[in-house]
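We call the chains A, B and C, going by the order they appear; numbering starts again at 1 in every chain.
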Amino acid sequence: MKKIAVVTSLSLLSLTWGGLALADDDYITLASTTSTENSGLFDAIIPQFTDKTDIDVRVVAVGTGQAFETARRGDADSLLVHDTAGEEQFVADGYATERLDVMYNDFVIVGPSDDPAGISNSDTVNEAFSSIAESESPFASRGDDSGTNRAELRLWEDAGVTPQGEWYRELGSGMGPTLNTAAGMHAYTLTDRATWVAFDNPQDLTLLFEGDDALFNQYGSLLLSAERHPHLKHDLAAQWHEWLVSEEGQQAIADYRLNGQQLFFPNAQ
Amino acid sequence: MNAPTSILAPIADLRLENVSFQHRGQSLLAPTSLTLSGCRRTIIMGPNGAGKSLLMRLAHGLLTPTSGRVRWQGSEPVQAMVFQRPVLLRRSALDNLTYVLAIHKVPRARRKAQAMLALDTFGLTALAHRPARVLSGGEQQRLALARAWLLNPAVLFLDEATSSLDPAAIKAVEDAVMTFHASGTRIVMTTHDLHQAKRLADDVVFLHNGQLLEHSPADTFFSAPCSSQGRAFIQGELIW
Amino acid sequence: MSSSDNAFLTALQLILHMDSDLFSIVTLSLQVSFVAVALAALAGLPLGAALALWRFPGRNGVIIVLNALMGLPPVVAGLCVYLLLSRAGPLGQLGLLFSPTAMVVAQFVLVLPIIASLTRQQVEALHDEYAEQLQSLGLSTTRMIPTLLWDARIGLVTVMLAGFGRASAEVGAVMIVGGNIDGVTRVMTTSIVLETSKGNLPLALGLGIILLALVTLINALAHLMGETAKRRLG
């Protein structure tokens, strides 16, 4: 009886595992950001790419900092992030051979609807950030070295503010959790528009400031270095990289709508 | 059941030579010498805490003496032990028996028949497929005896094997002991039941306070014990 | 998804309209945790039993470490497995990162100490009762291991359930080593994190309710089996 039990569980085990291991090899692993994943963009465009090329794209959505690290360690075949300065450095460091503009969206400032800092009347994002700091209104920062976090820190610098004090809360969280927290603590926060539009739990949060050129949020695709990590699926990754900037890929991005809004604007040259 | 080999070849003598036992610095058995020989029924008696079970465990090899030696004169014979509370495995009565045969490398094809025979010998056939641990106390003890029987032991140790049983079950166990003995097995048994000792004993080992005071033929011990403690015990003055 | 704020309603809708995505997420969750627990049992049961029966120098140290590892934060386990399986790590050649296998490895690391440690306790208790009898029957210490494991089986089912509970409930480790890839490594818990980060709280909670229901169901089955066995086997 004992033997039967052992044999049964072993065969169950191998059967189960056989099922899991049955995966085709024609896929690439893409390290990207939570904003692109959470907004549903990938769900819309990857099937079109797969239809054409039979290559599946497996998205690991993390913060931009972690995405860079994933690629640096050779754990991703391709990289799509939004931190132009960091991306250029990544190329300069020899981890990637090419960086291409793919699309952009923009950052917006959301906050409590009563707008205690009065930023909705600001003309520039510098003014808005200064008002928040001066009124010491609560501000929730990602604090996770993501692309959005890096953009936010640049904006504070441009506004001549060193963000610190009771009012400035570094959360160390992704965009979604940061929005959840900001809603809970009636704080302002900087978010990419895509995540904001896709976000379902705004409570009292509302969009208060948008439209400054400084809030431009560029996404770039990187072709990783075959020299640095020869084991990666460079051929497949190159097809993805090229498809993103092709007419077809750009159209797919432009066509994506969430709640009737276009979230990403293709701008490959 | 195949004929016990013990009839054909004499059972080796068991010699305890100056065996003592201490636990956490406390002496539980003073240096003791004792020889158990032949196909006899030896009953170890004494009040509670005298060291009866300890002496038996040392003899059976479950415990290692602090000093002294336990030696078999010649090759060590097959032994079995039946405990006060039988430890049966969580499986059927039959499987408890085939388990022992498997341990002793009896070919698989022969196990079931041998086990059924043992069950039959101890009147347990009807209970073959019942889980062993839900049997009554008496049935469990008979199953433990059947298990010992399967080993075909030359020496059988019984430690207070009847002390938690009702009279009918006690009778069954005593009958089993007689069966073992009749087929040539040496019996070593502890009991605090004077009547049982009188019914079964060929000779008696009397312990008191961790000291062996007497080892004499049963007739001698029961009619004229040489120690005052032995006398008091027989007269019921030393409460076990 | 549903605009309803009622998580229970959402959970009910999810179950009633069980779509293929949800089905594959639930299946993968169960598969990964089941395989991880099975492998951990294969290693942990004998390990725990051996620890219960053998006395060797440093034994207490091993026991203390195992007990402490029962509380190993999943994120730490995940990070260690990540560094191990990453291309830049010692086992990078296998290319297992971001795969269900990596998740199994991470959960195995989490579950093994639980199974080994609790098995040791169960077997040690049973050994106290059985030792003399088994020794008298002529069993070596090694041969006692399967006997004690089999006789402790009712209690060991609970041990494995504890392991399964930990495996299926944790998110920190599988998130790091699996990457929460849609259709490949997305399981119940990582879905819950994802839906929470999208602000889709009813859906997240609905998924949580399904997870809880599944774990409850498995526990109930095991409990009933255990009770029946206990009554039957004594």
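One rule holds in what follows: a residue touches a chain if its C-beta (ideal position, glycine included) is under 8 Å from a C-beta of that chain, and two chains touch if they have at least 3 such contacts.
Please read all numbers here as calculations on a predicted model, not as lab measurements.
If the chains shown are joined wherever they touch, the resulting network is a simple chain of contacts running from one end to the other without closing. Taking the mean of all protein Cα atoms as the centre, the chain whose own Cα mean lies nearest is C. Comparing the centres of all chains, each the average of its CA atoms, the largest separation from subunit A belongs to B.
Mean C-alpha positions place subunit B and subunit C at a centre distance of 46 Å. Distance from the subunit A centre to the subunit C centre is 32 Å, each centre being the mean of its Cα atoms. If you average the CA atoms of subunit A and of subunit B, the two centres end up 77 Å from each other. Multi-chain contact residues of subunit C (touching two or more other chains): 150. Across the interface of their complex, subunit A is touched by residues 28, 31-32, 34-35, 38-39, 86-89, 92, 95, 97-101, 146, 150, 179-182, 184, 194, 196-201 of subunit C.
Remark: subunit A residues 2, 9, 12-13, 16-17, 19-21, 23, 29, 34, 37-38, 42-43, 58-62, 73-75, 174-177, 179-180, 198-202, 229, 231 touch subunit C in the complex.
Those residues of subunit B lying in contact with subunit C across their complex are 57, 60, 62, 79-81, 83, 86-87, 89-91, 99-100, 103-104, 131-134, 147, 151.
Contacts from subunit C toward subunit B in the complex involve residues 129-130, 132-139, 143, 147, 150-151, 153-154, 232-234.
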